[in-house]
Structure formats: C-alpha cells, structure tokens
Amino acid sequence: MNQTAEQGVSISAGDLAGLVGGRLVGDPSVVLNTIAGIDEGTEGALTFIRAQPFADRWAGSACSAALVTEGIDVPDHDPASRALIFVTNADHALVRVLRAIDPGHALPPAGIHQLAVVDPTAEIHPTARIGPGCVVGAGTSIGANSTLIASVFVGSACSIGNDTIVHPNATISDRVRVGSRCVIFSGSVLGADGFGFIPATTTTHAIKIPQIGTVAIGDDVEIGACCTVDRAKLGATTVGNHVKLDDHVHIGHNCIVEDDVVICGCTAVGGSVTIGKGTLIGGAVVISDQATIGSYAKIAGGAMVLDRVPANETYAGIPAMPARTALANHGAMRSLASFMRSTEKTLKKLTENCPENNDSR
Amino acid sequence: MNQTAEQGVSISAGDLAGLVGGRLVGDPSVVLNTIAGIDEGTEGALTFIRAQPFADRWAGSACSAALVTEGIDVPDHDPASRALIFVTNADHALVRVLRAIDPGHALPPAGIHQLAVVDPTAEIHPTARIGPGCVVGAGTSIGANSTLIASVFVGSACSIGNDTIVHPNATISDRVRVGSRCVIFSGSVLGADGFGFIPATTTTHAIKIPQIGTVAIGDDVEIGACCTVDRAKLGATTVGNHVKLDDHVHIGHNCIVEDDVVICGCTAVGGSVTIGKGTLIGGAVVISDQATIGSYAKIAGGAMVLDRVPANETYAGIPAMPARTALANHGAMRSLASFMRSTEKTLKKLTENCPENNDSR
Amino acid sequence: MNQTAEQGVSISAGDLAGLVGGRLVGDPSVVLNTIAGIDEGTEGALTFIRAQPFADRWAGSACSAALVTEGIDVPDHDPASRALIFVTNADHALVRVLRAIDPGHALPPAGIHQLAVVDPTAEIHPTARIGPGCVVGAGTSIGANSTLIASVFVGSACSIGNDTIVHPNATISDRVRVGSRCVIFSGSVLGADGFGFIPATTTTHAIKIPQIGTVAIGDDVEIGACCTVDRAKLGATTVGNHVKLDDHVHIGHNCIVEDDVVICGCTAVGGSVTIGKGTLIGGAVVISDQATIGSYAKIAGGAMVLDRVPANETYAGIPAMPARTALANHGAMRSLASFMRSTEKTLKKLTENCPENNDSR
C-alpha cells in the first residue's frame, strides 16, 4: 500500500483483504483510494459495515468495497464489480487499515539535537530522540525509542519509559514519572503544583500549602493537548495504564485515575477524586473535590458530579443522577416555567371553588 | 498622532476628525490624550456616542470630544470649548482611532533567527519573520510577511499563508494548513490527534483509531490563547474564513466551522459538529458530538447543545432551547424547590378536603 | 531534617517540636518519616489534629505523632510511646513542616543561559535566572532573584518584579506587568488580545477592535497552568495582590480581580467583570461579561453568574442564586419530571371531580 497524496491511498481489494486477514467476496482488482461512510462514499471508496442497517444500504451505496463484520448478511451484493471483505470485527479491521496508511508524526532523528539542553546527569537512551529546544533536567531518565519532538521541557528527577512521544511545547515538571508507550500532546502540563491554600480571611492572606508530591502516569496513556495533571500535596496524583484523556482535561492534585479510564475534552476533575477502572467520562463534565466514581461507570457530557457515582451506573445531569432520570428531567426543564404558571393558576381556581377548602383555611 | 506614554496619545480634535474622515463641530484645538466611556472620562478624553441615550449624557460629561454617529442629535453642545466629530458609524471610527494608536506586538526582523531550526526543504518567504526558538519541519511553506514570533513549532508539510502572525509557544502540527492574515495566540495547538478510540471493555483496553486527517484554517481567522483544534480522523477539521475564537476554545475532530463564526471563551465543541455561517456562540458553551448549528444562529453563554440549533434562532440553557423559554425557565429555577413544596402541600389539602376525590380513590 | 527518599523524611518528634515551635507531650525520640491522615497513617507517620473529632480517633490511630491545635483535648494518649506536639494552629504548623521538606523546583543558575535570547535593552537583575530557550524583549525589566525556568517568552516593555518564578512554556506578552513573589505555571498566557469584535452581519465580516491595553498582575500572585489573562482594550486587566488562580482559569479583558481572590480550576471569567476582595470562587464557574462579585463572596463550583453576587454572600447554581436556595433546587431537580407528571395527574383528577370547577369553566 503506497500513499499517493495527502490521505490518498491506492490499494486493491485483494491486497486489502490480505492486509486485514479477511475473506474476500467480489472482485479483487477493485481499486480503493479513500475511506468513507456508506452513504457518502463514491467510486474508489472503502466503507465499513458493522451492523445490519449498514448492510441494507450497501446495494444503494456508491462505495466500491466494504469491511464487513462476519455474520452480517449483505443483500444484493454484485461480486463482479464490487468487493466485500468479511472480518471478525469491521471496526478493528478499519483501525488496521488506518494504521497502515497513517503518515504519523514527523520525529527528529535519534540522539540529542544540538539546540537541546540536557543535563549531564540525565540518562538518555541512545535510541531516544531529543529534538531542538528541548530541556531535560538533572537525574532524569528517558527510555528507548522515546521522543521529545521539540521545545519539550522535562524537569529534574523525572522518568519517561520506552516508546513514549511527547509533542512540542509540553511540560513535564520535576520528579514526574511517565510510563511506556504514552503520547502526550502539545501544551499539556504534568506536575504543576496542586491548588492547596489555607484560605484568606478578612485579616490574613491565603497561605500556600506546599505540594511536595508528584505525578505518576502509567503505560499506554494518551494525554490530549492543553491538559493539566497537578502535583500531589503528598504522594502522587496517579493516572493508571491505558487511560485516555482528550484535550483541556484537568486532573487535580491527589486524584487517582485507575486503569482504562477515558475522559473526553474539557472535563474538570477536582482534587482527591477517585475514578474507578474502565470509567467513561464525557466532555465538559465537572467532578467536585473528593468525589468517587465507581468502576465502569459512565458519565454523560456536561454532567456535574457532586459526590459519588456507583460502579457500572450511567449518570448524567446537573447535579449528576441516573441518566434515565436526568433525561426525563431535561425534557421537563424545557417546559418548567409554563408548567409552574399553569399549575399555580389551576391550584388557585381549585382552591377558590372548593368550598371545603375555603372552610378549612 | 504620537504616542506619548503607555496607551497615552495626544491629538487635536481637528487632526482626529481628519484621521476618521469626520465632520467637526466644535473647537479643533481641543487636545485629546485618552479614550473613555461618556460617564467615566475626564478632560482630555475622547468618547463615543453611538445611540441617543449617550447623546443625552453629553452635556453632563467631562469628556472633551466625542465621535458621534451621524443622525444622532446631541443636545446642549458647547462648540467653543468641546468638539463633536460626526461620522457614519461611531464604533467603526473608534476602531480606526484605536488602530492608529495601537502599539501592536513587537515582531522579530525578517529572516530566520540563528536559534530557529528550519528544515532545509521548508519554503520560507524572504519577508517572513521566524523568531528565536521556532522549529519548522520538512516541506512546510510560510508566506510573505508571516511571523512566528518565538518558540513556535510548525511541523512538516504544513502551509501558512501571508501576513499571518503566530504568537510564542503555539504549536501547529504536521500537515496543518493555515490561511492568510490569521492571528494565532500563544499556547494554542492546531492538529493534535482527534479523540477516537474503540472503547475499552471489561476484558480489552481502548484501541486508538488513527487520526490521519488534518486541520484546515481559512483566511482572516483569529484563534485565542490555549485553544485546540484537533486533527480529523479522515479529511480535515475545517475552520472557515473570518472565524474568531476566543481563548480556551476546543474544536473536536472533523468539525466544520463555517465562515464568520464567532466563538467566545472556554467553549467546548465536540467531534463532527457543523457550525453554520455567521453563528455567534457565547462563552463556556458545550456542544455535543455531531450536533449541527444553523447559520446565523446565536447561542447564549453557558448553554449545552445536545443535537441541533435551527438557523437564525437564539438558543440558551441546559439543554439548549429557544432563549425566551430558557430565560423563563431560569427564572422558574430560582423558586423550584419552594414551588414544589407548596404545590404538594396544596394538592394534599385539596385532595383531603374534596369529598368527591376521597370517594373516587 | 534530611530528605532520605522521594517525599521521605526522617525527623524525631523532638526536632519536629523545635521546628514548629510546639509543646511536646510524649517521647521526643519517636522517629517520623511520612505525613498521613489520622486513619490512614502507620508507624512513623506524622498526622494533624485540628478539631475534636480527630482527637477522638487518636487512641485508635497507628500514627506515631500528631500536630495538635492548642486547646483540643486528646484522650488516651500514651506519652511513653507516642508524641503530641501542641501548636497554635495545626494547619499552619503542617505548612511549616511541608515547607521544610519541600524539594521545590529545580531552577537554573543566576545569569542568562547561552541559549536564551535577551534583548540588549532589557534590564535583567544580576541575580535573576534566565534559563535555556527563554526570550526577553526590548525594554523589559526582570527583578532580583526572579526566574524564567526555560522556554519562557517575555515580550517587550514588560516588567517582572523580584522573587517571581515563571515555569517553562509560559508566555508573557508585550507591556504586561507582573509583581514580586509571583509564581506562574507552565502553559499560561498573560496578555493575549482581549476578545473584542464588532460582530459580523450577513453582509460584513467581524471587525477587530484593537486591544491596546495591557495586563497588570500584583504581588504574591499564583497563576496555575494553562491560564489566560487577556489584554485590556484600554487600560489594564488587573489582578490584585495575593490572588491565587488554579489551572485553566480564563480572565477576560478589562476584568478587575481585587486582592486576595481565590479562583479554582477551569473557571471562565468574561470581559469587564469585577471580582471583589477576598472572594472565593469554585471550579468550573462561569461568570458573564460585566458581572460584579462583591467582596468576600463565595461562589460554589459549577455555578453560572449572570449579573451580580452581593458581598459576603454564598451563591451556587445555574443561574447563581443564594446557596441555600440552590441546594434545595438541586434536590428538587432530581425529581422534577416525576413531580410534574404526578402533579398533572392529580390536578386533572381534582378538576374532574370537583363539580364547582366543572361548573365554573
């Protein structure tokens, strides 16, 4: 498979079936040069059929080929002119195709760029790539094949595992630990001080509580752009393995984010919050200090969690509550004012007209 | 007009009338050295009268001169000691005055700073200004008069048009396109990966869906500080011409933001959202994945859009609804708990006292 | 007190009493090597007793020593094996302990790093520390003992006081003033242009209103990571002394944030907002343009302030209202839909069954 232009690829259906280990039903010579939804694609497009409703639109689609999850029946397929490639899971097969054509990010060569500043006591693996403008502090270790693309700051006494990529203008402060196979996007800051103050009074100023802990990021973690994970007061703010954070996510000091948590963009997690394993959190969620989220919970976008969400539950709304209730309340909110007006009017009429009421007042 | 101190200017009313092409009524020798609201300004202040209520306060104002939109009647003006300058549009004239006295941002000289790192295959226009600490990748082009002030990262295969200014510590990732006459403020990140994962299950980890698309920014776009515009899964996340983003705005992958859209600060736009031409979006708005906003819609600050907003409509609230309804519901919210308590009490009394009810239960 | 490992310390109770100026009751030779909550700590842990309920758990705690606010009675203390250290205020004493063991942030040496770019007209105090990759513009002054750690941009005509620390990848734009003893964390941007435009119409594009003012930050201010404080249109966006901002806080143009204000993470403050002295604002709060917050007000996390909050009041909710009302309404929200359904049903039944109502319709 060779990439012929920006995001343009050219591959035959036969070769594609080989790439994904799929079963071809149709013309192996069909040429594919783009990927598209089943209704949007035109000739040359590869699409994907992950459920029956998509299969039913195949006959009317202009796409030339489709990845199909085995077991789905695709009616009215013309194998003479088009191609279906049956695979165990169409979504996973698509990921394999995307990986094959992914141009990736341009990385600097192995070694330390002459305009990087690396403390002589830092241990940089010979295969690591330290791009221009990067700064690495004393006693910090950076593992095999890890990359600081450019203008990345890594402080003192940090450790970064193997195969981790840190994008330009990200900041990793002193003593922060980052695991292997992580990706940290630009503008993110790991290890700024947690926000701890003895509050001001009318006669005293706020007093800073030193944040002498650190941040520990697991393996296979992805952190989007402009995220912040704050340093613990004591111990470490912890982000587990396989955690994925979208952009603008804030993780306060002393949080524990367990393995496999996914958090969408612009979500604010207060201090000392525990988020259980496998939890899925939507965008722009607000989680109050010291809240606890049980494992495999789901929290809808825009929710505000005040205290706790039980494991395996789906919560939504402000304040967060079981999603079914929240959805009903959202609907109710749309007519709240008119409901209140009409209810008050009806109550007034009933009260006036009911003689027993008048008597009993 | 010469700037005599920080934000301090000194110009005569006569010269100012010339600068804005206005009609002077009053003393041309009045000296102006600051700009202020009609009620706040003191002697030497230039103010602006864009509507009748302001005109009615002119006699009681201490300001020395005013830009007045033609057609407005300004009572009790003393032309012997003060100056009115009538113009087609006082707001536009004020912009001309501000432009004339704007000290602007200090820019590095044309050429490539010796501490910038520019790939030899990049095409940098000779008039472009590449400041210290900047990094420009292979195959990237930067047009005439464009400026990377300092510590800006521009990846490989990017293009930046003419007369665009990128502020320090901004990041433009590989293959991203930025048009002409744009301004991108510090800390912003264009082209971080879109947030696409096949979710984790109890037995599998999340699987990253490669984001092989890019970001395309039009002409005359302004992007505030600490914004993120994410790379598309396929194709391009698109920001049209004359779009203005305030700080901390997040645009998810595969969004289409059409021309002339204005988005205030801290607004989160999910993935695959379409925002129609000329839409005005307030601050801290949350827009869910795949929502569509019609052209020239207005969305109030703090709203949460779940699915769609029709063209030309003004929406507000959580969830977003027509603004008039939202405003009424906001008012209703303030007394919700007391309303519910009193309603329940009244209903209980009515039910108890009404014999027909008791019979029919 | 010597730090023996990451956050690990070893000190005797006797030495600790000396450090905090406390009154020791117990064994001075007890060795302390960590700090923990009264219920979590094990042998070797120092804990703190700031209120009676903690004191009552002392006998059952495994901690070896505690800082105790004088006046609190601690039952069942065994002075032969454990240590209590009575102090005026246990919280303040803990801060002193944390300060003593705080490893701090690694700073570059005094002077200008050879890979920093400092304009020859800038005035850098000989004791200031300008790390690698920093850029300092013309006419800027940086005071005694102030530090730009690395890759910090400070524009032209800025001033930074004494003993201020700016973390890597922060940006301070032209003409911005920062006081003494401030800390500015990574990714923050002071002095991006305020968001001022004459709105687009169906026939014209938005017109930028030049933002020719600046930003003035007081003394003893802490600004978290990825914050933005925007440049004023005229004059200065002002942040007073002892103000503390958490991460991702946005302060719009022309705001006045008075002394001793504390703002938690992800709070969005619109343009021309005034926040009175000593106000405490929670996380993810939204404050609309031109709102005013009175002195010593408190605003709960997630609130949306549309116009004003009176001095000394505690507000919460969307829209913000007195916290007691908001709390009640939050509770009411949880059952809104079911309340509306049951109310409508009851009203229908009452109306049908009450003959007077039927007559009067």
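Of note:
To keep things simple, chains are lettered A, B and C as they appear, and every chain counts its residues starting from 1.
One rule holds for everything that comes next: a contact is a pair of C-beta atoms (placed from the backbone, for glycine too) under 8 Å apart; a residue touches a chain by one contact, two chains touch by 3 or more.
All values reported here derive from a predicted model rather than from experimental measurement.
Considering the contact criterion stated above, the chains in touch with chain A and with chain B alike are C. Residues touching across the chain B and chain C pair largely diverge in numbering: under half of the numbers involved belong to both copies. As a whole-number value, the distance joining the C-alpha centres of chain B and chain C reads 26 Å. Counting partners per residue, chain C has 115, 133, 151, 169, 187, 226, 248, 266, 318, 333, 335-336, 343, 347, 350, 354 as the residues that reach two or more other chains. On chain B, the positions that touch chain A within their shared complex are 115, 117, 133, 135, 137-138, 151, 153, 155-157, 169-171, 173-175, 187-189, 192-193, 195, 197-202, 205-210, 212-214, 226, 228, 230, 233-235, 248, 250, 252, 266, 268, 270, 286, 288-289, 304, 306, 317-319, 321, 325, 328-329, 331-333, 335-336, 339, 343, 346-347, 349-350, 353-355.
The residues of chain A lying in touch with chain B in their complex are 6-7, 34-36, 91-92, 94-95, 98-99, 101-103, 105-106, 113, 115, 131-133, 149-151, 167-169, 183, 185-187, 220, 222, 224-226, 242, 244, 246-248, 260, 262, 264-266, 278, 280, 283-284, 296, 301-302, 318, 330, 333-334, 336-338, 340, 343-344, 347, 350-351, 354, 356-357, 360.
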